[in-house]
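Letters A, B and C mark the chains in the order given here, with residues in each chain numbered from 1 onward.
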């Protein structure tokens, strides 16, 4: 159902659907419409112009009624095109599913055959088939279907391989299902949308192809005519009587265009990635739409966030990923941000330099002050000059964040040259120096490696080197070690800590691991549902958490060295940020929740001299805040 | 009473450089010949870094991958046919990614029906009753049965995965990183559920994870895997508290712990060896601070060190180290 | 690199053999008796039998294939009865004309298509994107033969900017400017569809790439947006665009058949259609094998280009 709704929401697809419905309806009704016989020649009435008496669209070189021939031709072309598409899709999909599912030798043999067929420019194969079977509409249909089978087979195979390696297929095996049953109940239902997409986007093309063969005189044979052969017959009179060509040609154009529009609509409606609007390109900076007055800078932080709000506008929903965050970091300080998945840590970090993907991201309020200057809404050039030069990022997955097709050296050089006019040889020397500073052994050789030639730990070192390239003042590290093994993580953390002390860097370090925070950060901010719920010196918070969420979260996490035990879980789930409750977002899971907690917004208030907390009933008395 | 699960010399070599016909060019030894026993009702934790062969081992245990050598015995009876259906009734698997382990186009009921129907041949009525029983055990509401997987959060989906594994009525569950994809607050819920179920149904677990703290918290015994071999195995409270193998020590020292100062426990910037080109002797040699010439000459075998801890090392650590 | 090229060339051998088998088998499916088809239904039985023997049709299939293959490897593609000329000579001459037409079109559609796709992606939902998307839709929906006819009508007949058809003027010098004026209309008509397809796929490849993490990294480094799009984005997108170009080359070559008919271009496509209608089987067979072989070689060049672009493909 939602499929039809999505389709109908797409105006172009709807237009295509309407045109197609009309055409198909007319084609179906052709036999009972009061049309003259399309094949009766009447040489006295040759080449009548359109809109002449008794011949709405005129007549052709044999005096046959063009309107009638057009209807019958359309009927034939549609039928042949659809039949070819269905045949090719069915056979191709069957081959693709089998090759993809069984893999190994079966796959190898089948796909070599398919490659062989794709080694022909398709028309050669079609011509060869028609040459062998002889001209004729049915043979043209067979030829067009046959040359398209490899395309379907390859496409479907690719998708099937992906599905066959999904865990639910393994699960089905463990449930005792046979291969045949797995193909039918697990694989095929997941492949069908792809088949439908492939078919709907190629059916127009198949109609073109069969028309083409007829145009060449290899398809439908006189007196029977499809649109292609009408055009073929009209060619000799092109200059004298263009209408005989324009009529069938325009019809093909209209049909194919309508089918293509419809096919695109079907594809968009069925492809889940497109559903969420994910396939849109992020703009160079995040969109800013602030309505409230912009906060003024305050405090001595080199970088400070005031009431930062970032939302995602997806369709008619608004996700308040960041709902008013205040933070500040001083030179030489390491500030940790900790929180569960989806709490808004990354979005906060990316908002600072306008790197949140937009659309759908929008910064709707607050300010980010870098040395007193507001970066939100700053012109692109200002941001670009600061990015990577004064404020640098280190991201989570080092394989995905490095460009796969450039050497690490080239990427480092680019980082330098984006901000400094230096010769490439100088920049290269600097790149090698940077690699040494992040303790990459044999830096002179490594500089020419591609990212895929390095291990995960190495790549993350490159990521760090890139962040250091222009001696930034602030580094924002978004879970830089989460994708790494513990032993490598320990190396990277030690490296970051050394660098910070050597260079007096301010670091904003995002993580979900209390151990990492404890070891690396001076201060920590705990995030929940897009807001900071507690902030203060790391030791104080970890020793005596004041917010119920912090306390419970810490209790959930097993820690090495405490042996086998029962863990304290937090019941329930974090709220979804498009439906935040009024008042405290943690109230539904908090054992101390009272009615006051749910009535209104709770502020992030001071708690002792150095801490802040967003709770009306802290876990500890304020006197113990500095413990 | 025999062990719940006994592995003898189980190994797996993956061919690389496949050819259309004929033998492959080389092999990667993902799991070296390995022997382990799991007692009835025990939880054996398996830890190791990425690529050390954890998942390969797990998939062999449930019959999704045929082992290259060795055999698997369940309750004393060898299981040598590689048919997942035979395995399915004795040993089940809980997947790492809860969402992708559920077919997006089936309702939860259809998913739950599969093991009952294909492994136990139950009729519709029996199935409904059994599903109700299982869902009660894993704290899921029966109204979920007619929904589709995408409507569930990771934690709920993992409960469904566990429910499916229980439906097969196997005594042994292989839990392959069952909580790594979950948030910490939900992770604890699932771990506690697993502990309850084990009690209630007398299950035996093999719990695979890269998170030392989680493994320590749930396991009776722990096996440490490095480069496809078990390098140390012993009671959970001893393996990390008093490691015998230098690699275990490195792992334990690398885990970030509140209240311990940051230090890189490993001075050398080295990582896992290349599986296509394995080193001679002890695989950990290049990273090992205690390595000597002996280590280059031969591969150490797993030997009992003290108090039921075994380690594969020529120069194991003592309590004083 | 040379190692890779040699490897790919060697791997092309079975493909070429496969292609020859496929063509041979298709031709062997011909119902009835080719000799009768050649000589017409009034031929005497003796003549038919003689021709059958000459063509080697009385031998078993496998043997016939190897004879045919062996002859081909020696450059003997047989003789076209309808043209009374060696097949290879005719094919070579015609293929030159096709190559000129299809090659020009291919260059046009590659450059225009990729550029349009990138601009369209970079300005997603902007005016340029909408205009390009609409043009692309029109381009992929119009039959190239109809487009060619309309172009003749407008630019050759009405405006008289270009000649109506043919490759050379009937009277007058056969120089470059004459060639260009004859080539322009058919090359454009042929390029339109492929341009549309390439633009479309380039656009989606770019959109896919521009969402990747490494694009965000480039922006976080402070790389200028122009570089982000053209250096980081397009380079990565080319990895998926190049195979499309390879496939589209096949489509251009295929579309050339129609365009050659419409513009009376003396290419191999028109030759094949005529040969089919005249049931000149040897000419069809030879033409198909020859062009397919060239296409296979072209695809190897595409693969090599791909491996130059993408270091992850092991050379």
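Structure notes:
By definition in this document, a contact is a pair of C-beta atoms (placed from the backbone, for glycine too) under 8 Å apart; a residue touches a chain by one contact, two chains touch by 3 or more.
Remember, predicted model here, so these are calculated numbers, not experimental data.
The chains that touch chain B as well as chain C are A.
Summarising the inter-chain layout, the chain whose CA centre lies farthest from the centre of chain B is C. Of all the chains shown, the one with its CA centroid nearest the global CA centroid is A.
Centres computed as Cα averages put chain B at a distance of 54 Å from chain C. Averaged C-alpha coordinates give centres for chain A and chain B that are 32 Å from one another.
Multi-chain contact residues of chain C (touching two or more other chains) are absent.
In chain A, the positions touching at least two other chains are 112. Chain B makes touch with chain A in their complex at residues 20, 49-50, 59, 62-64, 84-85, 87-89, 92-93, 95-97, 100-106, 114-115, 118-119, 153, 155, 161, 164, 168, 183-189, 191-192, 195, 210-214, 216-220, 236-237, 240-241, 250-266, 269, 271-272.
Contacts from chain A toward chain B in the complex involve residues 105, 108-109, 112, 166-168, 170-177, 181, 185-186, 189-190, 340-342, 439-441, 455-458, 485-491, 493-495, 497, 512-516, 518-520, 542, 552-553, 556-571, 573-574. Chain C meets chain A in the complex at residues 14-15, 18-19, 22-23, 26-27, 29-31, 121-122, 124-125, 137-138, 140-143, 145-146, 149-150, 152-153, 157, 164, 204, 206-208, 210-225, 227-228, 232, 235-236, 239, 247, 249-251, 253-255, 257-258, 261-262, 269, 272-273, 275-277, 279, 281, 284-285, 288, 291-292, 295-296, 299, 309-312. Interface residues of chain A facing chain C in the complex, by the touch rule stated above, are 112-113, 115-125, 127-135, 204-205, 208, 211-212, 215-218, 228, 231, 235, 238-239, 242, 245-246, 249, 252-253, 256-257, 260-261, 278-282, 284, 350, 353, 355, 357, 380, 384-389, 392-393, 395, 397, 400-406, 414-415, 418-419, 450, 452, 466, 469.
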